[in-house]
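After this come two complexes, each holding chain A, first together with chain B and then together with chain C.
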Partner chain A sequence: MIPTPKDNYDSQVPNPNDFLAVSQGDFLSNFGQLYNAFVRNHIALDAASSAGNHTNVELVQLPVAPHTNVGEISLYSKNVVDQVSQFFLKFQGGNVQGQEVQMTNYQLYFNQIIQPGQFGLFSMLPGGLIIYFGVVFASGTNPVNTLVLHPYITKNLICINLCLSGTTPGISPWVSIVPEASGIIKKLTLHDALPGFAYFYIAIGNT
Partner chain B sequence: MTYSPIVPQPNGQSPANTQAQIQTNFAQYALKFLVNHSALNTTNQGDHEKVIFEKLSGDPGVVNDLVALFCKDAISKSGTEPQIFAQIKKFLPSPNDPTNAPNIAMQLTQSLVNTVGPNQFVSFLIGNYRLYFGTVTANGTVTLSPAPTTIHSVVAIPNNITLGIPSLVSVVVNSSNNFQFDIFSNASGVFSFTWICIATA
Partner chain C sequence: MSFNPNIPQATSKRVISQRQILSNFVEIFNSFAKNHSPLGNNDLQGKHNVLILRSQTLDPATTATQTALYNKSVATIPNLFYRPNNSQTPIQMSYPSINVGSTLTQQYSFVAGPFVVYMGIVLNPTNGQVVALTPVTTLRYVGVCVRNFVGTVVSSVAATNIAANTFTINFQAQIGSTRDVYYIAIGN
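Now for the complex of A and B:
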């Protein structure tokens, strides 16, 4: 009897006492399943060139970091609170598992105009850090001398540096954090900023 | 022969009739599998030994809980070349961020770094940004190399600890790859400043 091909890969065929012909459907199904599974993320098995290379690598979200042995590095994705799956890396460990490093953070988008008087962008650093940078104008277009850390995800401000823009050297303002009930640091107040001047800034926070 | 996913055919065809193709399939699978993975029947079979990306023309699109790593062309002032990107699932807007931002892919790499200086070093940030940094010892200009597209921020910090007298500095961006420092101090001698610049590559 010729069996009906299965919908899933079956590693238990053919059975020891089967005639090969009896397993025809299983062979067909398994070859098809292997092909379809492999073509996800890879150049197809029957491609004329580059077969086996990756088209992309989809890292399915893991609940915890994978065990990583000495001589290995793991790349994987794991959920980050208030975000989604992000890209992680874990170094070799052994019995004492190695360091886990969050490689991506949040979602980059490129809205430079944060508020009147501030042009800003952001990026990320390994370790769940976010880096803000741009130019903030004191008074005039920014009457409250506020520097906004957008997007609002910084829980701890690690460092910030400001530098006067212009040809006249001067002191840089000092900053204080505008308290937020959520604990998220959204805004900084610039103190002793020179009215009418602009300041370059670079700030690093963790999320 | 290449791998064929459609053997042995149904309708009573015996696998014996396609024995050669079946053998080819097993062989081809093992062969293609080991292009980027530890070979079957080895200690680490199934692990990746490397990941070679073929260049995509666009983002793969991510709708599930996963991260997609892939390669596509990236444009910079230095030219167009393939780089590695990551795309995550769309999750904005969120309670703290009302921006309805799409989950565009984020460029992870650039191919230019300078870690030997001596006066100017270059690394990069995710998102096609370059991080330039170095030291200056007097008023003057800095020309970034390789040239970026746009300078976004330049911060200089006085480094004259040995003089013990505070000094002041300001920065003017003259062009997309050049800026100048202006320095003031009541002390005499050589002033040293460390600087850092972030620019779009």
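Now for the complex of A and C:
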């Protein structure tokens, strides 16, 4: 009797008393399942070349960081509170290098006019850090000029640096944080900015 | 028992081959379950749940249409590397540690290269105060900015004497003024 092909890989075949006609169906089913699973993320087993190489890597979200042995590093995805699933790296275990590093953060958008007189971009640094950078134009007199940190996800401002842009030397402004009831840092006040001048800025916050 | 690619043998009896084949199917299942969603779940099987990379002694070769992610040790510590197509120069993507905890005075992360990116705040420093950053690298860039200035003269600050992992906070002379200093530095 020819067996009905199974829906899933069966690691418990062949049975000792099965005839080859039965086992042959089991073999076909298992090899087919193995082939179909392997072709996901990998170059197919029957490819003319490079069989076994990865084509891409889809990471199914893990609930906790994996164990990582000495000599190894792990790449994986894990959920981050208030964000979507993010990409993580974990160094080898057993010593100080066994550290978990959040490699991605939030979502990236580029070329944004943050407010009139401010052109801003942002990206990320490993460790759940967000890095804002761009140009802000000091249009008014002291201290009405503001710098907006958008998107509004920064809980702590780690640092900021401002540098005058242009052909004339001048003093860079100093800053103070505009308090927000939510605790999220959205805006900084620029003090002693020179009206009519533009400043490059770079700011790093954690989320 | 490990996977045996040399079975079944033409001369083996079926009762022998059955055990060998069964063993191989078990080994395939167990090996595939490492790093992957296991065989048996048609929706997920083949996808990865983690990518654990063993240390490579040599950079892998890449063709015109390939790139490679791999693990290679730097001073005995495994690090993540990326190799562009056509076996171009490998790029180290990680530094072995970060410090992004709750202490805001001195944190660091990294960018590919690898470069260490330091950032933090020095609370009310004195003029000429030296700041030493750890882990130790050679600083290539230091930027500073004043926060919460209290005084009568416009504040200005510069990072001077940048050497190895240290820099000096240099203010305009302002007697009686106070302020904090944000810094960002990059070293390798």
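Throughout what follows, the second predicted complex is superposed on the first by the 198 of 207 C-alpha atoms of A that agree within 3 Å, B and C clash if a C-alpha of one lies under 4 Å from a C-alpha of the other, contacts with A are read in each partner's own complex, and residues count from 1 in each chain.
Note that in this section a residue touches a chain if its C-beta (ideal position, glycine included) is under 8 Å from a C-beta of that chain, and two chains touch if they have at least 3 such contacts.
The shown structure was predicted, so the numbers you read here are calculated from the model rather than taken from an experiment.
In the superposition on chain A, contact is made by A:Asn161 with both chain B and chain C. By the touch criterion defined above, A:Thr68 reaches chain C but does not reach chain B. In the superposition on chain A, A:His191 makes contact with chain C only, while chain B stays out of contact range. Contacts of A:Phe38 after superposition: both chain B and chain C are touched.
With both structures placed on the common chain, the touch criterion links A:Gly25 to chain B but leaves chain C unconnected.
Judged by the touch definition given at the top, the superposed model places A:Ile202 against both chain B and chain C. Of the two partner chains placed by the overlay, only chain C lies in contact with A:Asn8; chain B stays clear of it. Once the two complexes are overlaid on the shared chain, A:Thr104 sits against chain B while remaining clear of chain C.
By the touch criterion stated above, A:Asn79 is placed in contact with chain B alone, chain C being left untouched. Put simply, chain A uses residues 20, 23, 27, 34, 36, 38, 42, 53, 57-60, 72, 75, 125, 161-163, 171, 202 to touch chain B in one complex and chain C in the other.
By the touch rule above, chain B contacts chain A in their complex via residues 2-10, 12-16, 22, 25, 28-29, 31-36, 47, 51-54, 56, 60, 62, 64-71, 86, 88-92, 94, 96-97, 99, 101-104, 106, 108, 125-127, 129, 152-157, 167-173, 182-184, 196, 198. Note for the complex: chain A touches chain B at residues 2, 5, 20-21, 23-25, 27-28, 31-32, 34-36, 38, 42-43, 45-46, 50-61, 72, 75, 77, 79, 82-87, 103-104, 107-109, 111, 119, 121, 123-125, 131, 133-135, 151-153, 161-171, 182, 184, 200-202.
The part of chain A that touches chain C in the complex is made up of residues 7-16, 18, 20, 23, 27, 30, 33-34, 36-42, 53, 57-60, 62, 66, 68, 71-76, 89, 91-92, 96-97, 99, 101, 125-129, 156, 158-163, 171-172, 174-177, 191-192, 202, 204, 206.
Every residue of chain C that touches chain A in the complex is listed here, in rising order: 14-15, 18-19, 21-22, 25-26, 28-30, 32, 36-37, 39-42, 44-55, 66, 69, 71, 73, 77-80, 94, 96-100, 104, 107, 109-111, 117, 119-121, 143-149, 154-156, 179, 182-184.
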